[in-house]
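Reading through the C-alpha cells given below for one structure.
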Amino acid sequence: MSAGTTFQPDMAHSSEVRPSADFDGAKSAVAAFSKTRSATQALCAPLQIEDYGVQPMPDASPPKWHLAHTTWFFETFLLKTFSKGYSAFHPAFEHLFNSYYNGVGEPFPRSRRGHLSRPTVDEVTAYRQHVDAEVCALLDLAEQGDCWAEISRILLLGLHHEQQHLELLLTDIKYNLRHNPLHPAYVSGSHGAGSGEKEVAGLNPSEQIQHKPLGFDAFRPGLVEIGANSGFCFDNELPRHSVFVRSFALADRVITNREFLAFMDDGGYRRPDLWLSEAWANRQPEDQHRPLYWRMHDDDWYEYRLEGGLSKLDLDAPVVHVSGYEAAAFAAWSDARLPTEFEWEVAARDQVICGNFVEEGVFHPRPLGPDNKQLFGDVWEWTSSSYGPYPGYRPLPGVLGEYNGKFMSSQWVLRGGSCATPRDHIRSSYRNFFYPKDAWQFSGIRLAKDL
Amino acid sequence: MSAGTTFQPDMAHSSEVRPSADFDGAKSAVAAFSKTRSATQALCAPLQIEDYGVQPMPDASPPKWHLAHTTWFFETFLLKTFSKGYSAFHPAFEHLFNSYYNGVGEPFPRSRRGHLSRPTVDEVTAYRQHVDAEVCALLDLAEQGDCWAEISRILLLGLHHEQQHLELLLTDIKYNLRHNPLHPAYVSGSHGAGSGEKEVAGLNPSEQIQHKPLGFDAFRPGLVEIGANSGFCFDNELPRHSVFVRSFALADRVITNREFLAFMDDGGYRRPDLWLSEAWANRQPEDQHRPLYWRMHDDDWYEYRLEGGLSKLDLDAPVVHVSGYEAAAFAAWSDARLPTEFEWEVAARDQVICGNFVEEGVFHPRPLGPDNKQLFGDVWEWTSSSYGPYPGYRPLPGVLGEYNGKFMSSQWVLRGGSCATPRDHIRSSYRNFFYPKDAWQFSGIRLAKDL
Amino acid sequence: MSAGTTFQPDMAHSSEVRPSADFDGAKSAVAAFSKTRSATQALCAPLQIEDYGVQPMPDASPPKWHLAHTTWFFETFLLKTFSKGYSAFHPAFEHLFNSYYNGVGEPFPRSRRGHLSRPTVDEVTAYRQHVDAEVCALLDLAEQGDCWAEISRILLLGLHHEQQHLELLLTDIKYNLRHNPLHPAYVSGSHGAGSGEKEVAGLNPSEQIQHKPLGFDAFRPGLVEIGANSGFCFDNELPRHSVFVRSFALADRVITNREFLAFMDDGGYRRPDLWLSEAWANRQPEDQHRPLYWRMHDDDWYEYRLEGGLSKLDLDAPVVHVSGYEAAAFAAWSDARLPTEFEWEVAARDQVICGNFVEEGVFHPRPLGPDNKQLFGDVWEWTSSSYGPYPGYRPLPGVLGEYNGKFMSSQWVLRGGSCATPRDHIRSSYRNFFYPKDAWQFSGIRLAKDL
Amino acid sequence: MSAGTTFQPDMAHSSEVRPSADFDGAKSAVAAFSKTRSATQALCAPLQIEDYGVQPMPDASPPKWHLAHTTWFFETFLLKTFSKGYSAFHPAFEHLFNSYYNGVGEPFPRSRRGHLSRPTVDEVTAYRQHVDAEVCALLDLAEQGDCWAEISRILLLGLHHEQQHLELLLTDIKYNLRHNPLHPAYVSGSHGAGSGEKEVAGLNPSEQIQHKPLGFDAFRPGLVEIGANSGFCFDNELPRHSVFVRSFALADRVITNREFLAFMDDGGYRRPDLWLSEAWANRQPEDQHRPLYWRMHDDDWYEYRLEGGLSKLDLDAPVVHVSGYEAAAFAAWSDARLPTEFEWEVAARDQVICGNFVEEGVFHPRPLGPDNKQLFGDVWEWTSSSYGPYPGYRPLPGVLGEYNGKFMSSQWVLRGGSCATPRDHIRSSYRNFFYPKDAWQFSGIRLAKDL
C-alpha cells in the first residue's frame, strides 16, 4: 500500500472462526507432523551435547527442554486423551516438561530448567521418537473415528506450538552462546569476524540502500475488521471485530542500526523525557546502553550473530534485539511513535507474506531489499498495544485454555515474525507478546505517526 | 440507562480540547484555590504529629509529604515561573518534594520519604502558608497581565493535582493506621467496633436491599466518541476519538462483600484457572487470601474502616480494596468479565454525577441505595483496559508532560471515583490507573458480559 | 603500660562470678534506677516529635522504640514477675516492644518499627512514667522480702540494658539526622559548619599532637586470666578463664582521620589484597569509599557530628564510623593487624577507666590528649576476635538467656566503649559485638603487631 | 584416648613450619602428580556428558569447572611462572577458570559457572592432557635447576588443592543428582532403593551397634600446642602455638540418624531457644525441617546416597549433611555443646588416621565399627570455633596468599575429613571451613561437654 492510498473499511460480519484442521486425512496429517518435528530437530544439528542443557537466564530455556516440552504437548493432549492404553513414557516427565499448565499439575519451576542434567539428550531423543511413532499410529487409527476432528484440531495446535518453540530454541541458543565469553558461532557464515574486512567491502549494494530515507505511507481513517478470518489461528486472534482506526502514517521500512546509533550518539539513553517511567526506574548501567547483542571493540561496534558469531555491525541492517522500552524511546526521540497493533494489521493485511524467515538459514535480519517493506520476517515489530483480549474473546475449552489468555497483562504485542520464524507460521493477524523489558527475541522497530 | 436501551453513536468531530481555566478572574481563582487547599488541610485534623511522617510501604507516602509536595507543585510551576523575584522557601525542598519530574532534577527516592523526620510538620505548615500567600498575591497581580491564561491553566491543573493527593492522603493514612497492630480509627463513627451489635441490627434497610439480585443493562453495538469534550480534563482523556464498541451488558451495581465471600468460600483463591499467570505466580500466602483490609476474628469477618476502625463486615456494602487481579478472578468465577474502559464510559456518560464522595465524610462505600447504579463514588471500578495513550495523544508541553504519559505501561484503568474522591474532581471520561496488584486504593468490582 | 613492660600471668582460679547486685537497699536501688532512666530521657530533649519515629535503616530503631523497649524490659522481667496484681499498661505493648525474646512471644518485626505512628510520644512517656512509679513501689515493698536478691539482680541488669540503649539511641539519632538531606545538628556546638574557619584555626594544640607518631607497646607472652572478676558483668564476660597470649605489640593510640586519609589516597579501597573476601564481594560503589559519615564538599572533607552537624574534618581526631572490614583493610595496608580481644584486655585491665564518655556531652571522639592511650571512651575498637562463648559459658537462666548467647555467630568483638557510652557502663572485660559490615556505631581502629 | 586419660601439655617451641615438598626428585613428583590427577578423573567415570555442566546452586560448581580449575592452578602457578616459552592453552581460560584470585585478574562470576556450555568436556579433557604433559616435562627439566624447591613446593600445594576439589566434585555431583526429581544414583550399590527390603534385614549387625550408648571421654586441662608440626600443611594450620584448654569431655562417636530423629520428634526445629538468632531468623519452611538429603515417603524416612540413590534411612549411620546451625541446635537440645577446634585436635592428635575415606568407594558415612571413635573420615565434624587466623598467622607470599586468609570471617571450622576425603589429605591439624548455614558437605555432629 503506497502513500495516500485509502483503505476501505471492512464491515463484514465478524465470523467467530476457531482454530480448525485442514488435513485431508491421516496421510497429510502425518506428513505435516513429520515435517515440523524434523525442522525442530534439524536446528539442533550444530549443537554440542553440552549446549542442550544450559539456561543462562530464567527466560532462556535449555534446548533439551524445548525438545522435550513440545513432545510432552503431543503426549499430554493427544496420546493420553485419545490413544487407548497409552502409558506415559516416563512418569516424571509430566511434571518436568509441563511449561505452565496448572490444570495438568504443578509445573517444574521454570528458573530451574537448566539444573536438570537428566534426562540426557539421548533420553530426550528417545522420548521424541517414542511419541512420534505413537502419534503417527494414532493418526492412522483415528482417521475414520469419531474423534478425528478433535484430534486433527489438537494436532494442528501442537504443530503451531512446536513452531513457536522452534523460534524460541534459536533465540535461547543465541542468548547462551553470546553470553559465553568464548562467543562461539552457532553456524559459520559469511558475516563471521574472520571475514570482516571483505564483508564490509562486499556491502556495496546495501551502502546504496542506506541512502534511501525513511518514508511514511499514509492511511485514511475508518472502521476496519481486525483478527483472523480464515485458516488456522490462535484463540488470541479472535473474534474478528471492528475497530475504528484514525488516519495514520506508517514507516515504509524498519529502523536500521545506523539510525539507532544516531539515537545513541545523541544521548538517547541519558534523557529521561524519552523513556517510560518504569523503563527509566530500571535502566541499566551505562555500559549496557546499547542493543543486547552489540559490543564495542577497539572503537568499532560489533554484533553477535548466530551465523558467524561476533561480526562488525552492518549499519544498514535492521536494528534487532531491542526491548519495547528502547523501541518506544527511539520513537519518542524521532518525534514519532510505535504503531498500534491495529494500524500494523491494516497495513499488512493485503501484503504478500514474503521475507527473510528461518528457512533462509541466515538467522539474522537483512538490509532492506527492493520492493519490500519488511512487514514480514527479519524482525518482530514492537507495537504500542498492550496484549489483551479482543472483545468477545474466549479461551480454548479445558486445560488448553491456559495457552494464551492468562498472559494478557503487562505485555506488549509484536507483529510480523522474524528471521527465526517459520514462513508458514506467520499471518497478518498473528499476535506475539513479550514484556516491554525483553530484548532477547529478534525484535525491532517500525515507526508510526499521526496524520 | 435501563436494560435494552440503544445508544446513539456520537460521530461529532473530536475537538482537541485541552485543560482550560474557567475562572472569572483573580477573585474566583483565589476562592477556588483557598477552598481546595483548605480541604486538604481539613482532612489532617484528626492526625497526631506522629502520623504525618510514616510510610509503611513504598507506595503509601507520609501525609507530611503530600502536604509539602502539593505545595511544591504550585511553587515550582507557578511561583518560580511567573512570580518575579520569588526565591525558594527552602533550597532543599525542590529535591525533597519533587515526586517524579526528572525535568526539574533528580527526585528524592520515593521509598525513603518516610525516613525524613525533618522538615517538621510545623515547618511544612509554614511552607504551605508561605506559598499560599504568594500564590494569592501572584493571582491578584497577574489578572490583567499577558500570562493570565497560562497561569490560570496551571493553577487549575494544580488544584486537580491537589485533589488527587487529597484522595491519596486518605488511602495512605488508612494503610498506615490499619497496619498498626493498635488499629486506631481515623475518626470515630457509627460503624466502630464498640457499636458492633447495634449496627448490625440497624442494617435492616440494607438487609432488604441485599436481596436485590445483580442485574445487567444491555447496550447495543456502535461507534462512540470516547474522551473528554468540555471543561477541565487531564491530557490522558484526550483526544476525544471514535471507538467501535460491541454489544455488551453491564452490571447495574458493584459487587458486595456477600458476593465476594461466596467466591472465597468456593475456593476462588485456590483455583489457578481463574487467575492471570502473573497473579498466580505472585499469589500471597493463604492467610492473605482475602481483601486487604479484612480480618477474621472469632470466626467473624471484620473490616478496617477509617470511620470507626475495625468493624464487623457489612455484607451488603461494596467489596473494596481488592486488586485488579482479584477483580479479574472474581469476574472469571462469575462467568463474566471486567468491562473495558470504553464500555464503562458509554454507560456513565449520560448519568448524573452523584454518589458517596469524600464530602459525605463517611470515607467508606455504602450499600446500594434506591435509584442508583453506583457508577460514581463509593469505589473505583477496575476495568480490563490497560492504561495507554488515546490515538493522537499528546502530553502537556514541557516538564508537565511527565504528569501522565510516562506511566502508560503495565497499569490498568479504573473509573468512577470513590468515597475518598472530591465530587467536583470526577467525570465520566476520568481515567485513574494503578498496577493490577494494587489494593490500597478504594477499588472495587463491576461485572460486564458479552451479548 | 609502656613499651617493654612484662605482665605477670594471672593464674588465680577463675571464680565463676555472675551479675550481682550491690545495692544497699531500696533507697540506693531507686536512686540508681531514677538516675539511669533520667539520663535516657535527657538525651531526647533536643528532639522534635517527628524525630522519635523514623527508622532510616532496619538496624537504626526509632528513639520512641528505645524509650518503650527499655520500659518493656522492666515491665516484663520485674513487674509482671514480682509485682502482685500488676496488669499490663497496654495489652499490645508486650508484642510491640519486645526486641528479640522469643520466649516472651513473637516480637514485632524489627524492620517495621519505624512504621508505627502510634503509640505517640506522649503515650510512650506515660508508659515510662507508669512503669517507673510501679518499679519504685515494688522496690520499696520488696526490700525486706524473699525475692530482693533476684529483684535487685534483674534491676541491675535492666539498668545496664538501658545504658546500652542509651548509646544506641544516640547512634540511631545520628544515623537518621545524617541521612536527612537537611543534615540538622542534634545539638549546636563549637564544631558546627558555621564556625568552620575559626575552629580550624583553633586546632593548633592538636596540630602539635598530630606529629606524635604512632608508637607500639610491647607485651611479653604468658598465660592470662580473661573475663570479669568482680562487680556487675554480662554473662558473655564469663567465666573468667585462662588464655595463652603470645608476645605482641599494641598501638599506643587509635588511628586518626589523617592516617585513614593516607590509606584512601593510596588506593586502599581499590586493592582486593587488603580486604576479606566477603568485604570485597560486597564492596560499596566508589562514591562510598570513605567512612560512613564523611562527605566531600568543594574538595574538602567534612564529617557529620551530633554536635554541630556537618563540620570540617578534624585530621587529628580518631577516625570513627568505620566497619570491621574497613578496620581490617586499614590494618593490612599498615602491615599490621587488629588486636585480639584478649590482647586488648591484657593491655587495658590495669588502666584507669577514664576518657571521653557520654557524660562529656561532646558525642564525638577527641584528638589524643596527654597521658592517655584512648583505651576507654572515644571509639569502640574493632578486634579480630569473632564473638563467641568463653569456655564454660552458660547463658542466664530462663528467657533472659536470650540476652547474649544467641548472637554468638558471625559478629566481631569491639572493646573499650565510646564517646556515647556512659562512663560507669564500661570495664576492661566488656565485650560489645557487631557485624563486621556495620559502621553506624562509634567504631574505630587500634593496630596490633606480632613480636 | 580413653576416658580419664591425662594429656601432657606440649610446651615444645612452636617451630614455624611451612608447606614443604618431600619429593625425592622428578620421578616421585611425577608419580604423585599422576596419581592425584588420575584420581580426580576416575571419579568422573560414572557421569554423563550432561552432568558435567550443571550448577544447581551457586556453591555447587559444575564438575567440568572443577576439572578445568584444578588444571588452571597448575598452569597459572607452575607453567606460566617456570616453564619457558609456555603459552596459555586458551587465552580465555585464565578468566574462566580463575576461582577467586583477584591478583590474577577478575574471575568469571561464580554463580554463572553453570551457564557455560563451552568449552565442552572434550575440550576440558584436552586442556587437562596438555597441562599434564607440560607439567611432567617441566618437572623433568627442573629437577636439577635452581627453582626445584619452589616448583616442588607449589606442585605439592597444587596436589592438595586438587584433593580438596576432588571432595567438592563429589559433594557437588551429589547436590545436583539429588535435586533432580529423577534422583539418579551416582553409582549403583547395596543401599539402593531397589534393594531396600533386603538391606533393612541385612542391618542386623548395626542394629546391635545402635545399643551402644553415647559415651564421653574426659580430658584434663592444660596448655597444649595447636597446629601442624611436620609434613605438608596449609598456611591456616600455622603457626603452631600454645592454647590453654580447660577440662572437657568429648563424645566417643558421632551422632546417629536415630539420635537426630529423636531431636526432630521432640520438636527441635520449632524451639527458638535451641537456635542461634541468625539461624532462627532465616529458618526454612517446615517441610525442610530435616537434614538436607532426607525425604519422607509413605511415612518412612529415606536418604539420598551417591551409592544407590534414594535409600531407606539407616538409623545407625551417622547423621550427615546437617548445617552448623543444626549441629549447634542439636547440641543445645542434648544439653551439650559442639567442641572447639582445639578440643577436637587435642583428642585427635595421637590417633591413627584411619576410617571411611573416599578410597573405600562407599561415599557415605558408615555405622560405628569396633575400636573406632570416628574422628577421621565418615563425616566432617562441626566445631564451635569461628574460622580465624592463628596467632602470628602469615598468608603465603604473592597471589597464593589469597588461598586461605581472606576467608577468615563468618565461617566455622570443621575437622576430621569425611567419606569423600582422600585418606592422605587429612591430618589432626587440618582445618576445613564453611558457613554455618551450609549443609551440602558431608558434615555431621560430635558433642562435647564441660567438666
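All chains are identified by letter, namely A, B, C and D, in their written order; residue positions are counted from 1 within each chain.
Note that in this section a contact is a pair of C-beta atoms (placed from the backbone, for glycine too) under 8 Å apart; a residue touches a chain by one contact, two chains touch by 3 or more.
None of these values were measured; they are calculated from a predicted model.
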Practice problem: Name the chain whose C-alpha centroid is most distant from the C-alpha centroid of subunit A. | Solution: C
Practice problem: Provide the C-alpha centroid distance between subunit A and subunit B, rounded to the nearest whole angstrom. | Solution: 38
Quiz item: What is the distance, in whole Å, between the centres of subunit A and subunit D, each centre taken as the mean of its C-alpha atoms?
Solution: 48
Quiz item: Roughly how far is subunit B from subunit D, going centre to centre by Cα mean, in whole Å?
Solution: 60
Quiz item: In graph terms, nodes being chains and edges touches, is this line, ring, star, complete or other?
Solution: ring
Quiz item: Which of the residues in subunit B end up touching subunit C in this complex?
Solution: 48-56, 64, 92, 95-96, 108, 112, 114-121, 176-177, 179-182, 184
Quiz prompt | Residues of subunit C touching subunit D in the complex | solution = 100, 102-103, 223, 241-246, 248, 272-273, 275-280, 340, 384-386, 388-389, 391-392, 401-402, 406-410, 412, 436, 450
